[in-house]
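Chains: A, B, C and D, in written order; residue numbering restarts at 1 for each.
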């Protein structure tokens, strides 16, 4: 079981690397879809275990929510948004891809160094998974830092959310259900609001390049 | 009381003579016959009897100034015993406090400078301005000098300082005293508007200081001003002779002693006047803005005298 | 039944969805917020009069103790006052054609939603739900920040939502670790993540995990609180939001985020047995925030962002006070929370009047406020002195106590730096802002208060601020000392 | 607690000032009523206050508590009480406020209908109350609150005429400086409070003796800089010459006459009395600061042509003189020569009173000039002695007093300072002696320059011909204003002639607060003409010297008459060198008057001059010539401006490099913070 989980978490991490290496906005969304699917997969695995152990189906509900929201609805929404805003052909990221991936790798190594220092993580079977998920969170932020377009930032934010959700899932086998549901509501509203704002930004600035939002200095 | 009256008579009586002597010395050096040494007495009595011309612009300050200047200068004179006899020293007004002496003179100077400004004439203002600079530059040196002498005698009273000097065999040979002596000579020259600081004989606006301030005065007011100036000169001379060249031998008691002391005093101040006359002859007037250098020298010397007193004198 | 106050804003939001008339909207908003305030005040009164035991009340996931009551009271009292002010403010905006009727309704809906999320965040004991509520505060207020739909406000709103969401995400990571640290200690699922249970069992939690958790929570909620260098959204959002919203953000929202940090801080400190690890972090962030604010305030050009920096400073002071972690310092920190909320809301509300009169946010374009608006102007200038820590206002009393408690722990250098920085901030405020008050009113501007009911609110707030510096009633003292006991770990 | 009648009178005095403040606000709309009533209340309060503090000083009997309130906030008790030291300073305050309030009745009339007089009166009364509160503060907190209140209220008074942007700037500089000073004071208070657990400051004995040595030194420096900023010692003086001219004259009189003295009170209260032990280097520091302030203050004053700026610089000089006294006293105290210390500190405190009297008076005089001529530039004045004869007499008295000329009070305190320096020199080491003698020289120099400066002030503005229409059309000011100045002038003379009245009070003050006795070294002094004030054998009696001078003048007048006979005096124009009739533009100007000093001390003033010739062909046919002389404030240019510019640049840089506007940058802050904290929690 642990090995299986380790592999999936590693895949999730890898999908983050892929995300950082992506160049086009549409492929961000695709990668995100894949990553969410991987999380749903692991949620399902945990769900099976829970069901076997004490017949609870919390995890299945969550799994369904993930698939519904993160694998289907939100990526579609983002795609629609993407279609509706104007596009100019321009580089969407700072630095270049190899350096970005290297830095992302560096973050993962750093997290490994830090997390293994925590007493409780010395030799527990979830260590690897926690390391991967925390890395996903930080790489998500890193992704947001490096992307100029608003869509990229939304995706980055979603990856961060994936990461924290993943951490909760792998490390603690999920939070209390009510918390998880709350998170989903927040996430959904957040993405809706962000999507709405992307339109408005596009309206006012004729672009969704957030690098142009620089009027409020000092 | 008798001493105070004597003091008044001697100071006011002798003061114009000093000017006469100095002028005579200068005349002699220039191979002139020159006026009589008593010329200033004639001038003053003549001026006393003349009518006055007062500027329309002038206010009561102008009228009051001669009296205040004269009054305060003579009051300051009461603080400086002319003869270092015991009775005289003891009766010196308030022990002759050196600080009161300095600040009483300052009262006179204050009114003198105001009077210069009162008529609205440019000369007066110029004189006041210059007088202000010179007097303030020399004030610290004078103070340190008096402080040092005071420390040697343990008191700031001028009569105590004189008593101390009298007690010393030849005070001027004491290093601190020599230095302070030089300082006092510089102060004397500057305060009484003599060459090299000011030339009392000229009425050229570029150089005048004291004469410029009293330019508008005439008649008895002028007489009082001139008299006050010479009194001031004499009291500083008195200070010098009694501090640095005291009568170190014992005088006979009683009236004879006093008379002898007065005579000796007159002789010494006259000698000093001759000396000043010679200094005036030998030097040229400094450019006005070189006067601060002289003052700086005086200040440094005074400080040096003070240190000397501490390192060597105690 | 006590938790009924939670329902009030929800009901209002629903009702407002169906009400079209402006007048009704106003009346409903004011009366509902008044009701809310009265309920919470009655809870407070009960708690205060009932003695030690009744300070805590619990119902399912809901939970109130004296600390939460303090923050809750601040929210509802300011909620009420800001409602009154907003009515005048919106009316004027509406009349001048800046916004339309629909937007007025939207404003009140969002305002009430915002209030709801905040009161929710301080009324629960489950850290997870608290997190959800705090995240929701961002979502509820983001359109309030971008209310005017201009380029700048949109920019501010975007930065606000992105930075706060990311920051808050960190806090969730922290909460996960908090949860992990309690594995094996808290066995029942309904105990999971409850800070009450965590505090009770704090000594048994896993220390290294807890440190990790605290650090993430500090960064996460710290973003919302506005600790430098995570404060970056704050000046932008405060300067672009309508003034009542700025008042709400600065006076109320920051406190709820701070509430989350302090709750965790208690657990960590009990667990670690001393305040070195977490306290040092808090002190560092406190001083760093004060320093950044002090430096930046010196050359501010816009009055609202200057006030935003001042909020950063004051959050820093609170962090500093709590970070010292002695009963006296915590007490002072709590006092500071209250005083800062009232003073800062007062200031932001007065900027509302100024903005509506002068139509500019630039300091250099404003002259003669004291002549134009005697009430707002006087309140504003005295409020600025108050916020800069001048006696006899409330903030001074707090700063005095905070500094005293710092020095009492022999943190001489920290205390001295803080004191000097306060003076620098004072200098910055005077240097930058005071020129607005003097001189002649420009001819284009007619004298008079733009918002009459708002002026009354300002005076009320001013009286509170002044009174807070001169007198503290016994019940408040009890409440505060009880709350500081709570923070010190006696839960 | 048994309060006597006089103590109740004191409470009543406080109530009077409160009433004054309230009436100011109540009659906001009726300017004349507001002003008159409020000032009358202030006068009543001052009179009552004076009586009660004088009685307290004479009667003795330990500190009296006025108010003791615990408002519920922790560590926040307010305590008002007074002992002899406070009573002495309060006496100074009440005398000054009495005169100033009387003066204000007339003076403020030029605000009627133009400004909100009610608010002004409110601020005025509050200002007095806040200064009282500083004197009355019984514990550290109360002192600090009062201190800050005083600063804030006086700030509002400085910017009261806020239409002029320079007033606002002056106010800003003032409040920033004073607040920075206050921050240092606060730090010192915190240290003192925390390390000794003591908060009271008025009572028996020194409260902060338990402080460790290092803390004492630190507190000394903090308090010195903190109070020094308020006192205006160089180099913390730059606010003073800005703020005083900005405030209206009655306020400047209070600020200069008393507010800056609160710093002296603070130093005496905390450093001399509070620490229960003085170090020699503390005294030396204060002495050196005093020397610098005394000399530079008067030197800068000479360069000023704005009366109030000139007077403001003189305040710096006088604070310097007070500091010299204090410094000398502290050195003597630390070396355990208590009688000398007593005389020196008494001299400083005496000078505090004297300065309040004559500087208050001078500011009132400046106000009168401004009232009559609407200008403060002395280059515009002239000939006022004929238009305003009474004012002229009073200003002359104050000028003589501040120049330390006999027979006014300024001389007495300087004389005592000189005496203490003189008495200490035989006991000191070479180093201390060098500083002491330079202090004495500095005193003399400052006194002489002050005399020059006041000759300039009085001579240019009151004598000669009017230099502008304003001055030509001046009229004598209303009697209330003259009354205010007259009281102070009379007191200047009284304090000069009967110094023992004050010294008796000071003796009580010093015995109670520092267990120092003046009288072993000091005797005589009041009414008997020839028993002078004596310090270690040196005698001085102002009455005697005045009597002698008057007698000599009285004798000279008839003597001259007898010698000279009757002589006529004729009025005629001033000598014009035979050219056209002399006019006012040919008079010596203030700029010209101070030129020699400007040239000699050019290193201090950095004078610049520009001569611009104007006209179509300026070289050959000049129409007009413009000559400008400027001096540079060295401290502002080379010290404050550098710091301010540096800070400004630093702030800009930080602002733009932190708050760049780029959301990516902001996000990276979060990432970096997280990574750093992860490292931190891993390492610790």
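Following the convention adopted for this analysis, a contact is a pair of C-beta atoms (placed from the backbone, for glycine too) under 8 Å apart; a residue touches a chain by one contact, two chains touch by 3 or more.
Given the structure is predicted, the values throughout are model-derived calculations rather than measurements.
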item	value
Each chain counted as touching chain A and chain D at once	C
Label of the chain whose CA centroid is most distant from the centroid of chain C	B
For chain B paired with chain D, centre-to-centre distance based on mean C-alpha positions, whole Å	36
Inter-centroid spacing, chain C versus chain B (mean Cα positions, whole Å)	78
Between chain A and chain B, centroid-to-centroid distance (C-alpha), Å	99
Centre distance in Å when chain C and chain D are each reduced to the mean of their C-alpha atoms	44
Of all residues in chain B, the ones touching two or more other chains	none
Chain C: positions in contact with at least two other chains	158-159, 162, 166, 170, 212, 235, 296, 299
Of all residues in chain D, the ones touching two or more other chains	655, 659, 663, 667, 670, 674, 678, 681
Touch list for chain B against partner chain D, complex	45, 48-57, 59-61, 67-68, 70-72, 74-75, 78, 93-95, 97, 99-100, 102-104, 106-107, 109-110, 113-114, 116-126, 128-130, 132-133, 135-137, 139-144, 147, 150-151, 154-157, 160, 215-216, 219-220, 223-224, 288-289, 292, 299, 302-303, 306-307, 310-311
Contact set on chain D toward chain C in their complex	71-76, 141, 144-145, 148-149, 152, 159, 162-163, 165, 168, 171-172, 175-176, 179-180, 182-184, 186-187, 190-191, 193-194, 647-648, 650-652, 654-655, 658-659, 663, 665-667, 669-670, 673-674, 677-678, 680-681, 684
Residues of chain C defined as touching chain D within the complex	158-159, 162-163, 166-167, 170, 211-212, 214-216, 218-219, 223, 228-230, 232-233, 235, 277, 281, 292, 295-296, 298-299, 328, 331-332, 335, 370, 385, 390-392, 396-397, 400-401, 403-404, 407-408, 410, 412, 415-416, 419-420, 422-424, 426-427, 430-431, 434-435, 437-440, 470-474, 476-477
Interface residues, chain D side, partner chain B - complex	382-383, 385-386, 396, 400, 403-406, 411, 415, 418-419, 422, 425-426, 430, 433-434, 437-438, 440-445, 447-449, 451-452, 454-456, 458-460, 462-465, 530, 532, 536-541, 544-545, 548-550, 552-553, 556-557, 560, 563-565, 567-575, 582, 584, 586-589, 592-597, 599-600
Partner chain D, residues of chain A touching it in the complex	94, 107, 110-111, 113-114, 117-118, 138, 141-142, 144-146, 148, 153, 210-211, 213-218
